[in-house]
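Both complexes below contain subunit A, partnered by subunit B and then by subunit C.
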Partner chain A sequence: MSKLKATSKTVTTALHKKYMWTGTRAIAEAVKLADVDVIAAYPIRPYTGVMNSLAKMLANGEFVAEIIVADSEHSQFEIAKHASAVGARTFVGSSGVGLAYAAEPIIVTALGQLPVVAIAGCRALDDPGNFGMEWNDVLTFRDHGWLMCWARDPQEALDMTLVAYRVSEDRRVLLPHFVAVDGAAVTHVSTPVEPPSKDDVAKFLPAYKPLYPLDPAYGPVTKAQHIAPSLIGPELRKVVDNSMAKAEEAIQEAWEAYSRFVGREYPPFIESKFMEDAEIALVTMGAYAKDATHVAARLLEQGVKVGVMRLRYFRPFPKKELVEALSRVKALGVIDFSYSFGSADASSVLFNEVRSALYESGSRPLLMDFMFVGGREPSVGHFEQAVRLLQRSAEKGKAEKHVLWPTLRSEGS
Partner chain B sequence: MKTLISKYDQLNWVIIHGRGVLNTGHGSTLTHTLATAAMLSGRESYYYMRYDDSPERDNIPMIFYTVIGNPRIEITLHEEVEPVGEIFNAIVVMEPTILISQTSQRALLFDGAKKDAVLVVNTSLSPKEVIGLVKKRCLAQNWSGKLVTLRARGYDANIAFPLLAALTKAWKVVSLDDLVNALDFSGASSKAGVVRKVYSEVEPVDVRISAAEAQMTRARKSRQTCTLKKGKWDLNSYRSYQKAAAKALSYAERISAMPSWQALPPGLIEFGPLPGEKNVGFTTSFARYLRPMVNKTKCTDCKLCSLYCPDGAINFDRVEVDLDYCKGCGICARVCPSKAISMTTEFLAAEGLSEKEIVTVEDSLVEYGY
Partner chain C sequence: MSEYSPIKTVGDVSSVDLYTSGHRTCAGCGAALGYRLLLKAAGPRTVVLGPTGCMYVANGHQFLSSPYAVPWYHTQLGAGGAAGVGTAAAFRVLMLKGKRKKEDVNVVVYGGDGGTGDMGFSGLSMAMSYDYRRFLYVLYDNESYANTGVQASSSTPWGASTTFTPSGKIKKIGNARMKKNVALAVAAHPGVRYVATATLFPPLDFINKARKALEADGPAFIHLLVPCPKGWFADPKYTVDLSKSALETGLWVSWEYENGELTLSYRPEPRKHVKAYLRMQKRFEHLNDSQIEEIERMTAKEWEYWKQMDKQRKIILPWNAPPWA
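Here is the complex of A and B:
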């Protein structure tokens, strides 16, 4: 214990109550603060750091939980699903092909309405060994009833993990939750993180009280029973659909409560920067919103009216907020780290989502898709180019080419 | 299109080179402590490890970064920092053979360095010897910066702390007080004495190397050009890219030899060497810091070394080590029944220099408590 004291020293002055934590470490701290009961683990980069940190905390006696290291991602997500079904607060996570291998339990977890919280360290789906950052691994499950949020940095990854439990366990919702963190950009980068106190978290996130757990004490319950589609098929889907619809208000309330108990404020669905007078806007999720904002700030100094919107949630998709924010925007660029081969205009997942959200609205800016795929990282120069192209297109009233691959050799810079 | 905004212009960036397992723990301490020092002095700071470097894999060259932003700017740092242009303000070498081999991105030590970069090397070699190697091997063009050499193990078993002190002395981005505060903050107050001692003892020297003196720049032939016939992929053009990438002398050259998508065959295909030829794109010698030396008079030609070599780098017909592929793991020396193979440092074998700061995997395992 004396060793433990020495390594986790708390400095209590307001200025220094911060730690240099990687995103994975920050998430592990959130899991500790949430006092999770069961952790299912299986290593794959960039998620691995989360389970490493948790194993160390448990070994040091910092908190008590059951950690089960599975034989594969499929078993890992099965364990989380079943532990949640018997009433435990559970934590799980993976990356890239790990999520693909766990697809079956991931889907059933949502249909079983089990409030599992899972970390997804976003990683390209295998070209073998591709460790780059892409969103398609998480977005594979966009249609299955999981809530999905994207963190911009380690601090927000910690906050989002705590809020995810509150939203997921909300009786109106009861859906599992992915907290997506961009591989490397959030998982492996350390920045100052200020954790909330245990007391504040306890007020914000009371112990999990399952609704109908698989426990004889609660009476006879069967979960994931065999069903006859003609009798009950669509009705079961509608229950999930309804829960997803309810999630919007639960999310809003959870973030309000988070700022009340913990004192850190976030706009629940969309973080907007410089959008008041913006004629051109970039929309994205996750870590690279920082770069987009940096570029926008510099271009604003040159008189370019550009704003940035960062979607904090992808499921439920914040359609209303997006439409409102875009009412005056002439050209919108989607900074996207996904692909959807063969989709309309051979574009990407976020782009298609944004476009379909705007179809019936009065906000129909000119749209351009900037696809940063294959794991090659963008530089701020790419975002500057994106703004310039949007500017030119807005002036002409049309885009010569509206789906671009800026990092593709010979096409982009 | 020309871009005006640079991501790096307001950052102080140090790159730390080491080898997997030998330096993983110490590299982590070094970067974390430095980032904490910057944070405590009120600046935005980051540290990270390139995670495809496989720090769990013995001897693989690997890198850590610490980046200090001042004033605060919010950007996402590259996991894969392409060492092209002038990015790094300081370079720390934890394992001295990095001076004579490729670094983790199969780059050279000075790829991506600023002209006034600070170089800190953990070595028993003199500054003069290090400068000689830098001129010959590391592509330092027009370098007019500072160099510190020290035998870090002589000060502390955890080489992170002496190296931090030396770095702080030569590169004034954090102060000695900030560093000592960071030690307190991360529970390493007991290292303050070592840090102060090293800080007062090491003397950074000024170095000036002109492009004309950088032997590697002079020796470089014009870049191999790759052509794409008929605008689509064919085997010969693909091989021309492979060859050019393998022959690239700097990271910038390697990037420019990478094929456009039109030159790629469908289906994640990479073409191996033809029988009798080498796999030019995939030499593996960058992992080697010890070299097997074969004593022909003791060798009984029993072939065991060739059979045991995990990289197939020892010829079966004649016992001969292919240095393009030997990773220096030492298995051949262990299995040789007549003790005809011994491991010597790459410094001695390649440069005739006697280096005493090199550790072995066995040493480092003891350090990590095995």
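Here is the complex of A and C:
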């Protein structure tokens, strides 16, 4: 009996081995675990490390895939799109202006209903060659039928990549997927990562079986033929719309299954901290949720009833979950790394999305937008200040100024 | 190369058409005729990728019809090379990993001059630097962005009037840039296994070149001149005659390049005066006799190089004094 126990313990330890991996390395490990077939690479910081790792793994024979060193991001995303159309599992990625250069293939990949998975290492757009962290590069494609999730750390980046393949390839969905990771904060920071076993991944993520592959063995499929808009134009848009709606269910199921395999609980859409009694809340995505949570924990000790919500998905946008979580919140601050010049109240993308989601709901807290734009990194002090401002606004019942640029020299602290 | 042997007579060409009815190309469309010949050469185990251009826009549209009896997928205007590579990479790795039955599958891109020589040049170059077998890129060159209303591309010949380079009262000449030789640029890629030029006449020449290209054990490229009644302002009944005349006047040079050796497929001896070709097309109507003589002079000069190349069986870049010098 004791012998058996020992054996079982040994196995458990072996399965739960942890590695110190950067976000890009962790994603590369996920790509290997997913047994991806075709990879298209082109360098731009900060995402490049993923491709460096994959190239080395392939050179060392750790798994088998075609890796194409493309001539541009445009070609990169076209390669992934067409390889996917044949029936290969594909991986691609970029950052900043690289994503802008690939805009055309990115857009048609969703319309082609192709489950390409791409990493976006979030980076400010040019000019000048700003290498700070901003979300506008990925958010450029928020309207184009790509699923989008934001990872908190290398562990979640690995997990999200595996789940992305499962959701994208789900026949109810068949949409491409961005796994967004904050530049530097996730791409270049090493934290302990516990990868799932190869066997578990094989069960969780069976080989991709395309519906209508572009392969003579399956007959003459004509795909994306030029059409008169009056014939099927609206119907083609509706296909993507329906798929996006069905993605919610697929995401929910995929995370439930994944949590069972890895033995870690993941809320599918929103990770909430201290939200049970919160009167003030911060909402954000990605790595800086950790800093926000750290600040909130400290302020809680001082009696400030503040909670933090981290949206794990931006597309589909978790409206229902957000509304539910905010039912008792008086003031909500959006910690935002995007901008939308000339938008309503000259605010940002996430802020407008949150505000739009709340408009018809019973949860209508006072809203403030904290725009950390231009790539200058925020400190925990900025988040603390945000909570204080929210507190003051909640007491007064209105915000004196509801769009703020905390890191801007003339405005900041 | 071992599997290739030329088809000797038109009667031996497959009677099966894989590019069939169901399109709405212009009367006398050279590019459509090229498509038909190409797919006869490639056969049914082929995937075709169509970058945006005439052969995208004119091959569907009205009745949700498709003229293709092989798998076909659109790719973006500048993406022919990348689409070909992505498709070929998928087949190779799926076969290697046992996810698909092992067999030869042709990957063919049929892209226009704008999508290939202009916007898609970078991707084409990338594609030609890889080692995918049975991968053929055919540039169908109708010498303008014809479906958008005949705008000049870098493949438009000197002196042609297009909607972006019209002949006017002050600027009389029309297009003042010299036509880019895409095939020679492709031949500069050391990994490319087969490069050729062709036109619609004689049909067996193009069919055989396409068959050879697919057996070339690596990436292959064919630059196909396709007369365009709409863009060249010519009578649709003269499409094939224009191909023939382009060869006879030496304005189109038909050649093959493999294993480092160049072979002329046709020698215009004696070469006819360019006037015979230019006067069949209204896009050159505004040119006066001295301007036509200028084209004749440039053509003669270029042919000194082609004769040298023919003798030495090597590529020598044909340098030409531009007409404005």
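Simple rule for what comes next: the second predicted complex is superposed on the first by the 397 of 413 C-alpha atoms of A that agree within 3 Å, B and C clash if a C-alpha of one lies under 4 Å from a C-alpha of the other, contacts with A are read in each partner's own complex, and residues count from 1 in each chain.
Heads up, the rule we're going with is that a residue touches a chain if its C-beta (ideal position, glycine included) is under 8 Å from a C-beta of that chain, and two chains touch if they have at least 3 such contacts.
Nothing here was measured: the structure is a model prediction, and the numbers come from that model.
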**Request:** Judging by the criteria at the top, classify the pair subunit B and subunit C on subunit A as clash or fit.
**Result:** fit
**Request:** Tell me which partner A:Thr222 touches in the superposition: subunit B (first), subunit C (second), both or neither.
**Result:** second
**Item:** subunit B versus subunit C as contact partner of A:Arg328, first or second or both or neither
**Value:** neither
**Message:** Looking at A:Asp37, would you say it contacts subunit B, subunit C, both, or neither? Reply first, second, both or neither.
**Reply:** second
**Message:** Contact-wise, after the overlay, does A:Asp71 reach subunit B, subunit C, both or neither (first, second, both, neither)?
**Reply:** second
**Asked** Between subunit B (first) and subunit C (second), which, if any, makes contact with A:Arg172: first, second, both or neither?
**Response** neither
**Asked** Touch check for A:Ala287: first (subunit B), second (subunit C), both, or neither?
**Response** first
**Asked** How many degrees apart are subunit B and subunit C as seen from subunit A, counting from C-alpha centres and rounding to the nearest 10?
**Response** 90
**Contacts of A:Gly381 with subunit B and subunit C, given as first, second, both or neither** = first
**Request:** Determine, under the contact definition given at the top, whether A:Arg355 touches first (subunit B), second (subunit C), both, or neither.
**Result:** neither
**Request:** Check the superposed model and tell me the shortest C-alpha distance between subunit B and subunit C, rounded to whole Å.
**Result:** 25
**Message:** Let me check the overlay on chain A: which residues of subunit A are in contact with subunit B and also with subunit C?
**Reply:** none
**Touch list for subunit B against partner subunit A, complex** = 1, 3-7, 32, 35-36, 39-40, 42, 44-49, 51-52, 73-80, 185-187, 258-262, 268
**Asked** For subunit A, which residues count as touching subunit B in their complex?
**Response** 6-9, 11, 15-16, 18, 20, 22, 45-46, 127-129, 131-133, 182-185, 188-192, 287-288, 290-291, 293-295, 298-299, 376-377, 379-382, 384-385, 388, 408-410, 413
**Request:** Flag every residue of subunit C that touches subunit A in the complex, lowest number first.
**Result:** 44-47, 49, 56-57, 59-62, 64, 66, 68-76, 78-79, 81-87, 89-94, 96-97, 99-101, 105, 122-123, 125-126, 130
**Message:** Which stretch or stretches of subunit A touch subunit C in the complex?
**Reply:** 37-38, 40, 64-66, 68, 70-72, 74-76, 78-88, 104-105, 108, 112, 207, 214-228, 231-232
